[in-house]
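Quick heads-up: structures coming right below.
Two complexes are shown next, each including chain A; its partner changes from chain B in the first to chain C in the second.
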Partner chain A sequence: MGRRTKQSWKRNRAEWLTFLAFVSPNLVLFALFTYWPIVYSAYLSFMDWNLLTARGAFVELANYRVVFTDPQIRTVIGNTLIYACAVVCVAQALAFALALLLNRNVRGQVFFRTLAFAPHVTTTAAAALVWVLLLDPDLGPSSVLYNALGIHGPHFLASSKLALWAIVSIGVWKEVGFASIFFLAGLQTLPRDCYEAAELETDSGWKVFRHLTLPLMSPVVFFLSVSGFIAAIKAFDVVSVMTQGGPVYPASSTYVYHLYRLAFQEFRAGDASAFAVVFFVITVAITGLQFRLARKWVHYGD
Partner chain B sequence: MKKILHYHADHSRVIACAILCVTCVQCSSPRSEDPSGPVAITYWRTLSGAAGNAQDKLVAQFNDSQQAVRVTAEFQGSYTDLGKKLITASAAHTGPDVTQLGTYEILQFVRSGVLVDLKPFLDGPDGIDTSDWPGTMREAGEVDGGVYWLPFNVAAPVLYINTDAFKTASIAAAPKTWTEFFADTRALTTKDSSGRVQRAGTALWTDVWPYLSAIWSEGGELTSKDYSRITLNDPVAVRVLSEFQGLVRDGAAIVPDTASGGHRAAFKNGRAAMILDSPASFTDIFAQSAGFTPAVAAYPTGAAGTILAPGGGGLAMLAVTPENKRAAAWSFIRFLLAPQQLAFFAKESGYAAFTEASRKAAGDTLKEARFAVVHEALPHLKGDFSINMSPAVRESFSEAIQKILVDLADVNTALDAANAKAQQRIQNEIAKNKK
Partner chain C sequence: MATDRQITRIAPAGSCIPSALLVYAGLVFSAVMLALPFFWMALTSLKSSAAVAAYPPSWWPSEFTWSNYRDAWNAAPFGRYYINSVVTGAAATSLQIIFALLMAYAFAVIRFPGKGAILLAVISTMMIPDEMKLVPNYILLSRLHWVDTYWALIIPPAAHAFPVFVLYQYFRTVPPDLLDAAHVDGAGHLRILIQIIAPMARPVLAATALVAFLGRWNDFLWPLIVTNRTVMRTLPIGLNYLKENEGRWNILMAAAIYVIIPMIGLYVAAQRQFVEGITRGALKG
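== the complex of A and B ==
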């Protein structure tokens, strides 16, 4: 018995070493560029540090008090939630509709699928620059429309009330194609026999969609909700290129852009780290909530 | 199977060792430098286009002029990008030896020991004669008695005008005073029959810089250099910014967003008849203005005379530069600030040959109208970057200007709030600096 355990351990050890050899390059990179920054940010959140001196001073919870008393935090969190919710909800609704269309045996399906996915693979910074031009009411293509209508179009990016919505529209545009590909993949794996049975029960396409397609697609909706929300609340590049949080800061600033500004424009690395830790906690909490709520509406074919 | 596993295990050890060795070698290999060769100096610079090329030419001239020091110039993007890279480099205790530097970072960098005090070099045997520097420009980079930043690419603000628009509006000359500027802006604005603005009198931007000169020239003051007095709500500032806001309310001024090219694009496209800007934009504006003839005029003057806020950037030496390389780094700075080189840079870039000696060295080439405007403005520069240097003051005032010009907020309320915010935050900054 003892000998067998020893042999098994020897074999396991060899397997472990092989396993470690294969995962270690990735693990090292993750540890260096993901886990260590998280830990270090948590450490910095208790320090008063301006990024320049060798060491900061330990300030206990002072930086967290700054987070919760920051006069701009409400606007920044509000903007981030508006952006994330709008991108996730609107993009998913449009993507689902697009996927349903693409799922029919239309000619040139591959072409349309590629067309739908193209925005997602376009660099956000480049896409944002193109959108800046598209939205310009004096120079962009929209100016032709405004002139034809005899109206002076809105300057989206120069208006505190509209700038955020310009950013949201780009977020939606980029997300629709990505989500539609997942929805389409999901739709194409749905069991045919269920639909054949449903056809015997009802003629209503809406009922089939509501009571069959939607529940069967709920895992895809759930996956896209979680991954899309996490990606959306991290929005930074589109804000940086298009508005820098303005035109009157923080009219269109997101949480991540705000903490970047604190760190690199105001030299408040400690405060920015506290913002980052709070952001991490919020993200984990929202994701946890999404998983908890998922038990009520996500069906895994059971 | 057992053999295969052993084989894999052996291989995995070899791979792990190899990765470790490569990593160690990468980490431990120092920047090799031949002690008998020339001293290698790294220079980080900003500015693209003509001003960037001119700097590269100056570096080549320096390298050709002597054998002892070899400078390598590295472009680091915009002032903001350069600032961020310097912060990152400083955190890692690395970076260039000499850098071009805007004004935002000076104070924080000095307080954190990132910059070298240049005063011993400046006043030493191989120093620079600053007696012909205009106004208080030598004091611009002074902090606590040391000199940490020296002006290099200096800009005096100017007024760009659309000469065709002036002719159409029957205005003979560019406005000389702020009162004339506000009146001309309204007169230059054209509207169609439905009241839509066809061309605004001016396009404004929400940076602090263009308004600072107007406030100073009208007799206002926003901060003292040591921040013991902060008056962002100075009655003169309220009056001046109310005038600018009035232009926006009347449709005589527009405030375009930066991403679309901002005020500069509006002027080049003929959507605005005047802009307040830097002479560094000479090349772009004169080459790209469409359908009209642009010209440069002097910045308007005010009740207190002409007092101008300098723009542009300067030079600094970083504390990471080893002691034995600092003389070489200084020799490069001194070269860039020599009359011949400043004259060359001015001719190539549009920035000012800001010393009397460099203007003489430039000869007739700087007598062309647009260069002359800049050089006549130089004696009026006030070397005070206190608004820029403190993030508390800078961000508070900048946000107030945005609210006033974009959201058309009440000027008094916006400036009172900015002043209160700046005063509260400056106390924190002073307390941190004392620590």
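== the complex of A and C ==
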């Protein structure tokens, strides 16, 4: 008996050591570059420190107060929400419509699919650059449209009101095709017999769409909206390449761009950390809500 | 009325000509809008400087100015940028896949007390925004004297929960009999992983690796922070700095083509794996 326990312990020990050896490369890296930064960010957010000098003093909640009473912050948070909501709503609506078209056994589906994902795999920094040109009222293709209308088009990037919408347009362009492929995949799994039954009931395509397709597609809509929203509030590349928050800062700045500016241009490590901690709380809360609400709102069928 | 119904009806059905026309019109318009940025980038990169400045802009270059590509190549050290992007991207991707293989196998196959909690801790890192880690990781890297080295671009991204998650899902579908048989033959875990499981998972590995490489290639914020010297920049960062001193749009667009063309080529060549990798697990998630 004793010998058997000893043997099984020996075997278990070998298994456990193998397990630890297999998971340790990732766990060590996660500890260093993910778990520790969370703790350290929280710590830094209570410190007055500008990255350049020796460690500063403990200042309680002063950094949070500084960051969130900053007059720029309202614009930055407002911009981030406008950007994320606009990209999610516009891109989803267009993508859904596109998926409905693609679902009609059209020719050239393969070609279209290739094209639809292409913006998603394109380096955002490069895409942002060509969009500067596309939106230029003199150099871009839109000048044809402005010419036809007999007006001079707006300089999106030189306008504090419009610069954010230039950023939104790239966000939509990158998201539409991507989302449409997900919607199409969802549409293709919908049960045919439901539609046959519905056709006996009603003549109205709109009613079928409203009461059958939309509820059945709600999990996909929900999933894409939340993941799209979380991705959108992290927007940085486009802002950095296109406007750097301008034309007059922070007209088109977003949360992460502001964070970058605080930390790496103004070297306010403490303030930036407070800003980062709040961002962490927000994104984790949204992800948590995602799971909660999914159960309540979303129709998953039976 | 009948046409009306055909247009809006969702279920695929035999369509009549006007509605089919509308569908194609919608698709062609969408395709044009999706493709326009690529077209304009390529078009501008081939225009002469005079043609770029012309108003209204032309939709086809009067003469193809291929020398823009030579000028762009000389305007910034693109050869070096390519080496940096390829080396650090390939290294980080390889490590991500190797580490994920080991970890996913351990979670799926090896017994260990409290395994579930560790798995949860790993999966939950996917919720943590990278942006939150910028300041602490920068400080850590500067302590290690890794700022402005390849290590900064390779090691922190080498651990990622996404490939672990995808591979773990896949490994759980491997029949246990197969593993038991291998065990009886006296094979250790590492041998089973390398000789049996990994080869079986090759399609999943390819898809996961492509997504990882895509992420490295297009990454902007992290390399922007941890590279200072020109020779350490990756392609997107190099392009970003070129933009600041280069006023000629044709040269900039040629440079942008340099940045995107390898990834577009890879995508077109391995489209199925790309799409599978990006969508895998997402809808189940």
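By definition in this document, the second predicted complex is superposed on the first by the 246 of 302 C-alpha atoms of A that agree within 3 Å, B and C clash if a C-alpha of one lies under 4 Å from a C-alpha of the other, contacts with A are read in each partner's own complex, and residues count from 1 in each chain.
Note that a contact is a pair of C-beta atoms (placed from the backbone, for glycine too) under 8 Å apart; a residue touches a chain by one contact, two chains touch by 3 or more.
Predicted model, so just to flag it, every value in this text is computed and none were measured.
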| item | value |
| --- | --- |
| Which superposed partner A:Val241 touches (first chain B, second chain C, both, neither) | both |
| First, second, both or neither for A:Tyr249, with chain B first and chain C second | first |
| Contacts of A:Thr283 with chain B and chain C, given as first, second, both or neither | second |
| Contacts of A:His155 with chain B and chain C, given as first, second, both or neither | first |
| Most chain A residues touched (candidates chain B, chain C) | C |
| Partner chain in contact with A:Glu15 - chain B first, chain C second, else both or neither | both |
| Contacts of A:Leu133 with chain B and chain C, given as first, second, both or neither | both |
| Which superposed partner A:Ser273 touches (first chain B, second chain C, both, neither) | second |
| First (chain B), second (chain C), both or neither touched by A:Glu60 | neither |
| Touched partner set for A:Asp193, first chain B, second chain C, both or neither | neither |
| Chain B and chain C contact sites that coincide on chain A, given as residue numbers | 15, 18, 20-22, 25, 51, 129, 133, 138-139, 241, 264 |
| Touch list for chain A against partner chain B, complex | 11, 13-15, 17-18, 20-22, 24-25, 48, 50-54, 57, 128-129, 132-133, 136, 138-139, 150, 152, 155, 157-160, 163, 241-244, 246-249, 264-267 |
| Chain B residues within the chain A interface of the complex | 2, 5-6, 8-9, 11-13, 15-16, 19, 83-84, 87-88, 90-91, 93, 104, 108-109, 112-114, 194, 196, 206, 255-260, 269, 271, 391, 395, 398-399, 402-403, 406-407, 432, 435 |
| Footprint of chain A on chain C - complex, ascending | 4-12, 15, 23-24, 26-27, 30-31, 33-38, 40-41, 44, 52-53, 55-57, 59, 98-100, 102-103, 105-107, 110-113, 115, 118, 121-122, 125, 127-140, 155-156, 158-159, 161, 164, 188-190, 214, 217-218, 220-221, 224-225, 235-237, 239-240, 243, 249, 252-253, 256-257, 259-260, 263-264, 267-268, 271, 274-275, 278-279, 282-283, 285 |
| Contact set on chain A toward chain C in their complex | 12, 15-16, 18-23, 25-27, 29-30, 32-38, 40-41, 44, 51, 94, 97-98, 100-106, 108, 112-127, 129-131, 133-134, 138-141, 143-144, 147, 173, 176-178, 181-182, 185-187, 190, 192, 195-196, 199, 203-206, 208-209, 212-213, 219-220, 223, 227, 234, 236-237, 240-241, 256, 259-260, 263-264, 269, 272-273, 276-277, 279-280, 283-284, 287 |
